[in-house]
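The structure appears below as structure tokens.
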Amino acid sequence: MKMKKILVISLLAVFGVYLAEVLFKLDFGRQFFQQGVKDFYLITSPIKLQVANTVTAIVVNFRGFDTLGEVTVLFLATTAMGSILYKGRHQLGERTVLFSGSRIVTTGSRLLFPAIILLGAYVFIHGHLTPGGGFQGGVIIATGFLLMLMAYADYTVSHVVLSVVESLAGITFATIGLLGMLHGGSFLQDFLPNGSLNDLLSGGIIPIIYIAVGFKVGAELTGLIYTALNEKD
Amino acid sequence: MVGSPVLFIAVPLLAAFLIPLLGMVWKESIRILPGLVLLYMLVLAITLLEQVMHTGTIVEILAGWKPPWGINLVFSPFTGILATLMILMGFIIWIYSYRFKNVDFEEAKKYFILFMMLVTGSVGIVLTGDIFNQFVFIEITSISAYALTAFYKHRDSAEASFKYLMVGSLSSMFLLLAIILIYSQLGTLNMADIASKAHLMKPEFKILAVIFFIVGLGIEAEIFPLNGWVPDAYAQAPGPVGAAFAGIVVKAGVYALIRIIFTLFDVSGTHQFLIVIGLTTMIISEMAAIRQDRLKRMLAYSSLGQMGLVLVAFGIGTEEGIFAAMFLLINHAIGKSLLFLSGSYLVYNSADKYISETNGMGKFLPVTSFLFALGALAVVGMPPFSGFWGKFFMMSAAAHANMLLIIALILSVSLIELVYYFRVINRIYFYKKESHITPKKPTVNAVIAMATLGVIILIIGFYPDLISGYLHQASQALLDKGKYIQDVLSTGQLLTH
Amino acid sequence: MNFTLFDLKIVEYSFFITAILVIMIGLYGALVKKSLIKVVIGLSIFDSGINLLLISIGYITSGTAPIFSPALVKDMPLTLENIKKLSEGMVDPVPQALVLTAIVIGFGVTAVALSLVIRLYRHHQTLNIDEIKNLKW
Amino acid sequence: MNMIYILFTLMFGGAILTFLAHKVSGLLRDTLFVLTVLASTVLFYTKIHTGDTVDFSISGLSLQWGINAYGRIFSMIVLGLGVMASFYSVSYMKGKERLGYFYFNFLISLMSMMGILMSHDLVSFFIFWEMMTWSSYFIVIYNGKNVQRSGINYIIFSALGAYAMLMAIVMVYAHTQSLMIPDMMQAFPFFPAAYKIWLPILFLTAFTVKAAMMPLHVWAPDAYADSPMAYTSVFSGALSKMGIYGMIMVFVTMVNYLPDDTWFRETIAWLGAITAIMATLWAIAQDDARKLLAWSSVAQLGYIITGVAVGTPLAMLSALFLSVMHALFKATLFMAVGAIEKQTGTTKFTEVTGLIRKMPWTFISSLLAIIGLAGIPPLGGFVGKWMLYESLINSNHYILVIAIFFASTSAFLYCYKFLFGFFLGQEEKEWEHVKEAPALMVLPMIIMATLLLVFGVFPGIVLKPIDLGMQTLGYSTTAGTFWSMSGLFNEWGNQIMMRPLAYAIGGTFLFFLIILTVKGFKETRYVTTKDISSSGEVPLEHENLTFSEGFYQPFLRAVCPVMKRRMMTYYQGFGQGMEAFFDYLRRVYSGNGQTYAIYVIVFVVILLLFKNSLFG
């Protein structure tokens, strides 16, 4: 066993030294390349797309296809988790956490829950203006549900609703992509008016997609938590 | 114009999101919809392939941004053939597994979603022209694959899946590392752009990136020290999924590796490295295969060996070598899938899948056994079946490149392969059935799927010209790096400015 | 001379060093620890290390967030020159976009891994990775 | 459409139809089977002429099929035996299982043999070669006896040979850019020196496997003995000749151009001779007629190989002549064993005796075949062997002559054993009910035995096409020097006055035949094995007192030092060693996920450490 530890540590040392050797050749804090794609993004995003948050512009518009894939990964992760932990039609899992929190916890949670959801919604609606976006907002929403699930022993989330929400959100994303194809000739192409910089309704399809993503991520994460929580033999 | 390459990704994704909704309304739709999608993709793929062969590579820009700013899909003769092959295999395996988990709606729904995404992810890996996008598709494929590996609940499938996941997530980390290194040097993620600027990279960055790519993609392409998960995953996954791994997923991994080595960088020594690593993979896995007493593990090891051979053929690096490699790839996809599909009926009864369970099945499952034998003959490269041509072209390419020792080595390893396949065939036809085994007759759709594969083997075996024209164009397309760069970077109008 | 902390090489590279250390720690956990849960945690830490590395690649010394917030573009016309000037002081947005995707993917993989751990525990009644090897050779 | 296409379509289509007809009715299946063989034979001999060719191309490889005079020699064997064996098998296989499978593979192997003879390019040659291998393999394992042993041995050695040939083919292709055999022959003298050595070795590996030469022969006895006798006649008679066919081509086109070909020829010639001796000894030791004939086949092929390797025109002539003769007599003998097996259910000498009166026709054809095999005039074997001796002496291979002569003489021992064991000796009660085999089985045997006699007396009939074939290979005609068609006894041996000798032998033979027959009818008393008493005790029913028990013990004791080492044990040891090594090696797949992950890191670190030497 000790041998294994020594082996692994020495391997990792070699690996780390080589990695560091190469990385230290980079001048940290400066741009290392001449004509990267980032200059184009930084200029096009505010001028053409009227999107203040360049990261969002990249995530949803320039590299929107990645995001579609990413959403799919999440969708697959929930499906995979459901499939892996599935125990057969008649064996529904039991909650692992069987006790409720104290009165203070439950009341506090109930109080916080709408605020959390609201925050999440705010984050994904304003994804193109401020830091944040669909994924972040979705995660915040999921934490709200997590709070409720932890606070109440009998809090349930409808699987059907979750699944409908996540499907509809996914379909929205894909359909917008296909509409762009119908409209402008390429998948996920922006076909809506862009508005003006820093307006809520700007950036064309970006807010719509981010809202869909927010719903989807929120639903999927909640679903994951719920599935994992209901795992008791 | 039937459609454009992006529909290979968009339509199945849309369908995957739709399936849970439709499933609530009409239960049978979860089985039918993936099939319809795959059929549509197949028709689209064949049409596009025909078009590409005449008019040249289709480069599709996404979100209206011309490469290198946007993501693009490249449907060249090379990628097109691989995509078509994958979709074809996906469709056939769908036919085979149509009645899969007939009684359990929830499980069936998940199976079909995951399976469809497995195919889509692999097609995406092949078609995309962006390394980070490729990484995303690799993850889509991997996650579907983990889940499908662990699909059966009462076996050691979770163990296999966990091993796969451990190694697989290491793979994705190394891919990310390589992407980081490239981005830090070139500031771009587009493959063609990277290829055209590769000379600007500092050599140590380039080499490190190549190494990380080899490790990350090598895990997907199943090269030797990185393939420990393979036999477990192939053997524990349901039969059709094993077939999909051998016929679809590993092809995508090999494609990615080949694309990195042939197009992205011009690092010398990679071709020799491919040959060495391919030979090592082939030798060790064939040696392991002959000592297996479980059918599916044997097939899995054999699949590793075959992929090693494909890598050697790619490593030769000439047009002939790539042509041979493509031929071997197609043959392996068809032959090994047929073996997995028919093999899983031959050892249907127990979870252990011992080879001895196939004893005497020739009498009880004549069609399945016959197709298994056909697949085995094709895989070991017996003429007049499809495998022979691949082997012959491979050998003659190697001889042209003056690699006689390698030929000798490969042929002696093939001898091992021959022995264990024939041992199984002997058991199927000439042993007494073990009394506790009750043969399971394949369903009609399974027979149709297997027979289709068998017919393809025969057709290619007797008339290799059917595909060799396409393959020649494909191998030229892979080799012509300049044309790839030009095709991609000169596509489309810049829609802004 | 205006001496700042960033003139020290070691501080300047602290992001890289930290990232590499996190990667090492994660790998050590994944490769040595016996408990499946710890292995998954190790992989997750490895993932974080890579993400840290990725994000630090895009950093520009004293750069601002790549957001053209109202405060930033308040009283200048949106001409190409102005935007260019503004964008020069911004950090690279691309690694940030990539890291978002990478995190989500890492999350998905971790979720699947944990569910597999649950299955493995159910099947083997142990979490020791050395005892879970029914499939070999 | 060209006749050559039609021939192959006919045979292949016939095979598939026969296979399918099995499901419909037995009669249809049998009819289709025989008709396919007959029709293709007729087609071949009436419509396809020497020199016909067809060209086509597959995937950019230009290929050619056609037939030349050299191929015709062997096509005679293939189709002739094919027709005989097809009639025979219809009767022999009656009532067995999986006949569709059997007939399918039978026809495929006939087709692929014709394909080998008609391939003018290396790729189709190889394709047909492999088809021949797998189709015959599927018949070898048809009986289900020793499947994993004899079957796997056969396929391993065949594949070893085939892969050697594949390697040679791609070497030729890479070097000449052409797959045509004539192109290869022309280009060979200009190949690099290493190629000149390796090409013949690789090709010969392939061919000597099929011809069962010494170190590569171990598959042959088992495979011959375990396949159904109806097919073994073709297997040993025709299929093994494909090895000879290839060997002759290699020797004529390649070995002749080696700068120093003597050692090459000597090695192969000696290997052939050793094969002949050892296989003869092993044949003598067998108690099972199938095994005996199988070993005898190996031995006979040894002579032929020696003849081919020596390579003078006379030696080549003798090798080709012996090939035809061997096909005839060995097929007859295997058929006879098949008939006996069919009628009695066993092929062991220790169990069956005294069938002479029960199966007279089988006996007579076996007798003729045995005489042919042993090389006694006036049957075909004698002519061939005589030419072989003569060629060896003329080319100063004196020790080789002694070796061959020893093998040939020892062959009398097993010949006698065969004849005596089955047909002579006392009649056992157990076999009283045995009747002559069905006419369809007897007839081919009789025909072939008769042919053997005819060819022995008129060897010119066979020698003429052989001579034509050899001219195709570049030999000058041998018609005037060694033989000619004039006279009743052809003057093939103009150096030796054969005629008086032949008359004398014939006379003696006739004399003894008449005397013994008359005497035999008068004085024979028919007794059973139990009709004795030894040391005052009458043997019990179950005691085995057959004469063939422990036959030739003293002789075998004398030669046993030579026979102690069997090639097979070495191969087995090698195989077991390899498998143990593989077993050890596969433990790298330890089953622990963490170990696999460590492998990944190890791989990365190795690449990193050697990155400068690996990638530049």
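The chains carry the letters A, B, C and D, assigned in the order they are written, with residues numbered from 1 in each.
Assume a contact is a pair of C-beta atoms (placed from the backbone, for glycine too) under 8 Å apart; a residue touches a chain by one contact, two chains touch by 3 or more.
Small disclaimer: the values here were computed from a predicted structure and weren't measured.
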Co-neighbours of chain B and chain A - touch as defined: C, D
Result of counting contacting C-beta pairs for B-C and C-D, higher pair: B-C
Computed over C-alpha atoms, the centroid farthest from that of chain B is that of chain D
Taking each chain's centre as the mean of its C-alpha atoms, which one lies nearest the mean of all protein C-alpha atoms here? B
Quick one: chain A and chain D, Cα centre-to-centre, how many Å? 73
Could you put a whole-Å number on the gap between the CA centroids of chain B and chain C? 30
If you average the CA atoms of chain B and of chain D, how far apart do the two points sit, in angstrom? 44
Taking each residue of chain C in turn, which ones touch at least two of the other chains? 27, 30-32, 39, 53, 57, 92, 94, 101, 105, 108-109, 112, 116, 119, 132-135, 137
Could you tell me which residues belong to chain B and also touch two or more other chains? 132, 136, 139, 143, 146-147, 150, 153, 158-159, 161-163, 166, 170, 177, 184, 187, 189, 208, 231-232, 288, 291
Two-or-more-chain contact residues of chain D, please, as numbers and ranges. 586, 589-591, 593-594, 597-598, 601-602, 604, 608
Chain-level touch network, classified as line, ring, star, complete or other: complete
Can you tell me which positions in chain B touch chain A when the two form their complex? 4, 6, 9-10, 13-14, 16-21, 24, 60-65, 68-71, 104-107, 110-111, 113-114, 117, 124, 132-133, 136-137, 139-140, 143-144, 146-147, 150-151, 153, 158, 161, 177, 181, 184-190, 200, 202, 204-205, 208, 492, 495-497
Chain D - residues contacting chain B, complex: 58-60, 123, 126-128, 130-131, 134, 137, 141, 144, 147-148, 151-152, 155-156, 159-160, 163-164, 166-167, 169-171, 173-174, 579, 581-583, 585-586, 588-591, 593-597, 599-604, 607-608, 611, 614-616
Over in the complex, which chain A residues touch chain B? Could you list them? 18-19, 21-22, 25-26, 31-38, 40-41, 44, 48, 61-66, 68-70, 72-73, 75-77, 79-84, 86-89, 160, 163-164, 166-168, 170-171, 174-175, 177-178, 180-181, 184-190
Residues of chain B that touch chain D when the two form their complex: 159, 162-163, 166-167, 170-171, 174, 207-208, 210-212, 214-215, 218-219, 225-226, 228-229, 231-232, 267-270, 273, 284, 287-288, 290-291, 377, 382-384, 388-389, 391-393, 395-396, 398-400, 402, 404, 407-408, 411-412, 414-415, 418-419, 422-423, 426, 429-431, 463-465, 468, 472
Taking the touch rule as given, give the residues of chain A at its contact with chain D in the complex, in rising order. 4, 7-8, 11-12, 14-15, 18
